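Letters A, B, C and D name the chains as they come in the text, with residue numbers starting at 1 for each one.
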Amino acid sequence: MGNMGAGIAANLIKAGHEVTVYNRSRPKVDALVAAGARPADTVADACGGDVVLTMLANDDAVAGVAFGDGGIIASAAPGTVHISSSTISVGLSKRLTEAHATAGRGFVSAPVFGRPEAAAAAALFVVAAGPADTVNSVTPVFDAIGQRTFVVSEEPAAANLVKLSGNFLIGSVIESLGEAMALVDRGGVDKHQYLDILTSTLFSAPVYRTYGSLIASEQFEPAGFAAPLGHKDIGLVLAAAEELRVPLPIASLLRDRFLRLLAEGGEQLDWSAISSLAARDAGASDHSA
Amino acid sequence: MGNMGAGIAANLIKAGHEVTVYNRSRPKVDALVAAGARPADTVADACGGDVVLTMLANDDAVAGVAFGDGGIIASAAPGTVHISSSTISVGLSKRLTEAHATAGRGFVSAPVFGRPEAAAAAALFVVAAGPADTVNSVTPVFDAIGQRTFVVSEEPAAANLVKLSGNFLIGSVIESLGEAMALVDRGGVDKHQYLDILTSTLFSAPVYRTYGSLIASEQFEPAGFAAPLGHKDIGLVLAAAEELRVPLPIASLLRDRFLRLLAEGGEQLDWSAISSLAARDAGASDHSA
Amino acid sequence: MGNMGAGIAANLIKAGHEVTVYNRSRPKVDALVAAGARPADTVADACGGDVVLTMLANDDAVAGVAFGDGGIIASAAPGTVHISSSTISVGLSKRLTEAHATAGRGFVSAPVFGRPEAAAAAALFVVAAGPADTVNSVTPVFDAIGQRTFVVSEEPAAANLVKLSGNFLIGSVIESLGEAMALVDRGGVDKHQYLDILTSTLFSAPVYRTYGSLIASEQFEPAGFAAPLGHKDIGLVLAAAEELRVPLPIASLLRDRFLRLLAEGGEQLDWSAISSLAARDAGASDHSA
Amino acid sequence: MGNMGAGIAANLIKAGHEVTVYNRSRPKVDALVAAGARPADTVADACGGDVVLTMLANDDAVAGVAFGDGGIIASAAPGTVHISSSTISVGLSKRLTEAHATAGRGFVSAPVFGRPEAAAAAALFVVAAGPADTVNSVTPVFDAIGQRTFVVSEEPAAANLVKLSGNFLIGSVIESLGEAMALVDRGGVDKHQYLDILTSTLFSAPVYRTYGSLIASEQFEPAGFAAPLGHKDIGLVLAAAEELRVPLPIASLLRDRFLRLLAEGGEQLDWSAISSLAARDAGASDHSA
């Protein structure tokens, strides 16, 4: 339970739900317990309610709590609904769908858009997918944690595809801004003023403001979302696209950018640091190293 | 004088400037004359004021009125300032800069961001570049036609680079949205709902709303900005980048997309139709043809 | 045991080795038995010699005979050397290396370059990797089946990397020839004559003659090496490159080409059919469909 | 008249033709005069024969001797045939075709494949295009300088397209070898041995031997064919492809590679140095700098 999970749990408590919380390390749990949550010592111990919601770092972490003895699928009662809100692969989402169906549990995939502040403010956007009845049954959960819920499909994995594709689009903005700024910088234009022009006009969206500012400042540390995570997510997008046989040339380019950044030792940088490669290729000296 | 020029001229008249208008065909001129403008029969006849503003379709049109006997450079009085607001190449902007300097005229490059409605509402964003004194001397013109002016450089061509790079960024949005929508469509997600998710969250900018809607609907006719114009502008971006030695992999991809669209007969389609290629490559039948 | 394995086994018999052969279906075995081989009814039954050589279609097939009860690793005697000549992933090669080491068996990775005719003629090129002693101990096997052996590393997986990279280079030739032929065809040049010029000059290599002829003729059926196999091998190259953090932009392009070909229904075509996409993008009507 | 032209002229003399030679600087001319050539003081003075053959560095040089007062077109007698053997753009070839037609001179485009040694040995490959009668009338010239002539079209520019596309294919080999070597190098394989494997098998062509050796050795100086020339030729290929509306993704990649190499200061390196970028992106330290 990271910052995202803590915010979500707090809002569920506020909304009057009985909440049991489990985290591998205890400190994060304590604050929630103070707010009214019941602490669980094991995953199985956290599976007694009507709904089990997971918000974890990656596929391995989710698979680790879902499968096996003492995992969610084995421990939850028939009729329990598992809501998976982590950014996981389409493949794992399908495995979870099958395993829950076999075990007679409900499963809804519900990744969210929003940062920890939005989670804390119950202002997330929830992208949910699963059988209509099951999704309907957990609507109060989504209402408690987000400002709006989009139900996109009866197939849980579709929600994961939407979430991953969103990260692909953010990566595309980073790369295209990196290229555009490398160009105008070479042409003698101030990058911050350039960004101001963009975000005052057609590009007045948070994604341009947030990443544009990092790119113009070449401010890639500390990482808000580290390069290896961006690399991983683009890999998950490409894996999903491979399965569906959808060529994604910009995603292929992004993958190559991340490989290069990591090969050069950029593990600790923010994923927006791939923008520095366009600048470097234009002969700019490397300010980030 | 197209829709952009007509709006600009009307606002200059409203602001109290004496305006002389010239257009190859007369009807557009008549409405402005009714509003108080003086009609000119030749380019030279339109060069008698302190400022000559050109707003034309492309390099050839601008070069056609600027150079040669009876052109702006030959006809304007010493001290006259030529404001070029067309989307032209960096190369032509440099040629104009030199020619005006040699002839003792002022030159400011001032392309604008905004559609015809913004031009009519005096709500354009003006990106201006030129010697500080010259730019300052024509500020009242910018104030009359736009909501905000960004002065980006003392080199006029820098403003053209900014404008062209903006069109490159729009093209990048079109391509990346085309790829993302091809992907989620294959995954069973409704494209309009997908766009709603995007524009409700990180991508809440006009460029996503406008182009996303065209892409989701596969509505590429009638063209708001035709594919050959998009192709031309990406070519100008690449030419400017070539000169500055800036590799732009996404621009290269866009160029290949436009070539393919045109090779397939897409001349009359909106430039956002390059998005249909990603869908087609994923095996979607071609709804646009 | 496909055509490759049959040729290899026949040459081992000719060279005087005692050969036991195993194949899932019997007919291929019979001809070799007639030539002096001993037939085996199970994989385990084929593991009694000093050397076990596998030549199978893909990772799954090799893993299927190597691991598990009755598999090579469990069945072979200590000191037996397993030679893997299939085109498998770097990852599987590493798994085999570890498993054999743990079990006290020797392991040499030795993929080959050459078609079935070369296998039949003992004219293969063997790319071998493994501990020097182990490789030396099986040199007589390589001498019996190939015209030349290249020992590239003490790490078995390095041989697989070389083999896979060779398929990447062939794919690059197919794509670049496809683009070049699309171009000269549009320029009114006969593609067969063009190929004649290329192969008479700098490009006088089998890869250009073989694939150039297929591409110029748009002759993609029957498949010599089917598109899904090309797709798979490029995927293995990219996976190996991912592990080593090596961006390979042409491999990324090839992957997208294969995805598109398969999305369009090209499963049964030769992998050189990706060349038709460049022609199609140039507006050529599709002669292959 | 560089090394190519000198070899060609010497072979024309040997074959018994009367040869007049013109070069901007005199020394190269002297050796040919000693062999029997007549020296010319001006371009016009070299236009008195039945055939005028030009072998120059680039478009500007060819345009400089062809057009204008005292140029070939103005100076040659009606019926004279101009053979252009330089590597020039498709666009210039078309301009020459028109200008000669207007002036009543014959024009054959006949670029050659081969290095200076092949020129000296009368072993060039000639790719000729032009009206059949005109090409036939100059066959003895081609027989004197080359080992084989390919007549590819009645349109002169088609021969230039073939020549340029050949340089594109060489560039593709350089890039793909660069990527493959970066990969196997990271996997612990010796690059020279790797090249030996390639050229012993499917890739046994001069282009792989020549460039593979430079790439494996990272030996990019002195330049056999300098990076700016490679950059220029890929630009000419893309310009020709633009005109014909043929997307060439590998050529786009090559263009970006050259821009990067030049932006980093690689002007004096051989064009095969673009291969070092793949190695660098994989984290290799830069041995060439």
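As a convention for this text, contacts are C-beta pairs under 8 Å (C-beta built on N, C-alpha and C of every residue); 3 or more make two chains touch, one makes a residue touch a chain.
None of the values given here were measured: they were computed from a predicted structure.
Chemist: Moving only to chains each one touches, count the minimum steps from subunit A until you reach subunit C.
Modeler: 1
Chemist: Please tell me whether B-C or C-D has the greater number of C-beta pairs in contact.
Modeler: Result: the pair with more contacts is C-D.
Chemist: Let me spell it out: compute each chain's centre from its C-alpha atoms, then which one is farthest from subunit D's centre?
Modeler: Ranked by distance of C-alpha centres from subunit D, the top chain is A.
Chemist: Could you label the subunit A-subunit D interface same or different, taking same to mean over half of its residue numbers are used by both chains?
Modeler: The interface of subunit A with subunit D is built from mostly shared positions.
Chemist: Would you kindly tell me how far, in whole Å, the mean C-alpha position of subunit D lies from that of subunit B?
Modeler: That pair's centroid distance is 39 Å.
Chemist: Would you kindly tell me how far, in whole Å, the mean C-alpha position of subunit C lies from that of subunit B?
Modeler: The answer is 53 Å.
Chemist: Which integer distance in Å separates the CA centroid of subunit C from that of subunit D?
Modeler: 37
Chemist: Among the residues of subunit B, which are close enough to touch at least two other chains?
Modeler: Touching at least two other chains: 241, 245-249, 253, 256, 259-260, 263, 281-283.
Chemist: Sort out for me which residues of subunit B touch subunit D in the complex.
Modeler: 235, 241-242, 245-249, 252-253, 255-257, 259-260, 262-263
Chemist: Residues of subunit B touching subunit C in their complex?
Modeler: My answer: residues 256, 259-260, 263-265, 281-283.
Chemist: Where on subunit C does subunit D make contact in their complex?
Modeler: My answer: residues 90, 113-114, 125, 127, 148, 150, 152-153, 155, 157-158, 161-162, 165-166, 168-170, 172-173, 175-177, 179-180, 182-184, 186-190, 193-194, 196-198, 200-208, 237, 240-241, 244-251, 253, 278, 281-283.
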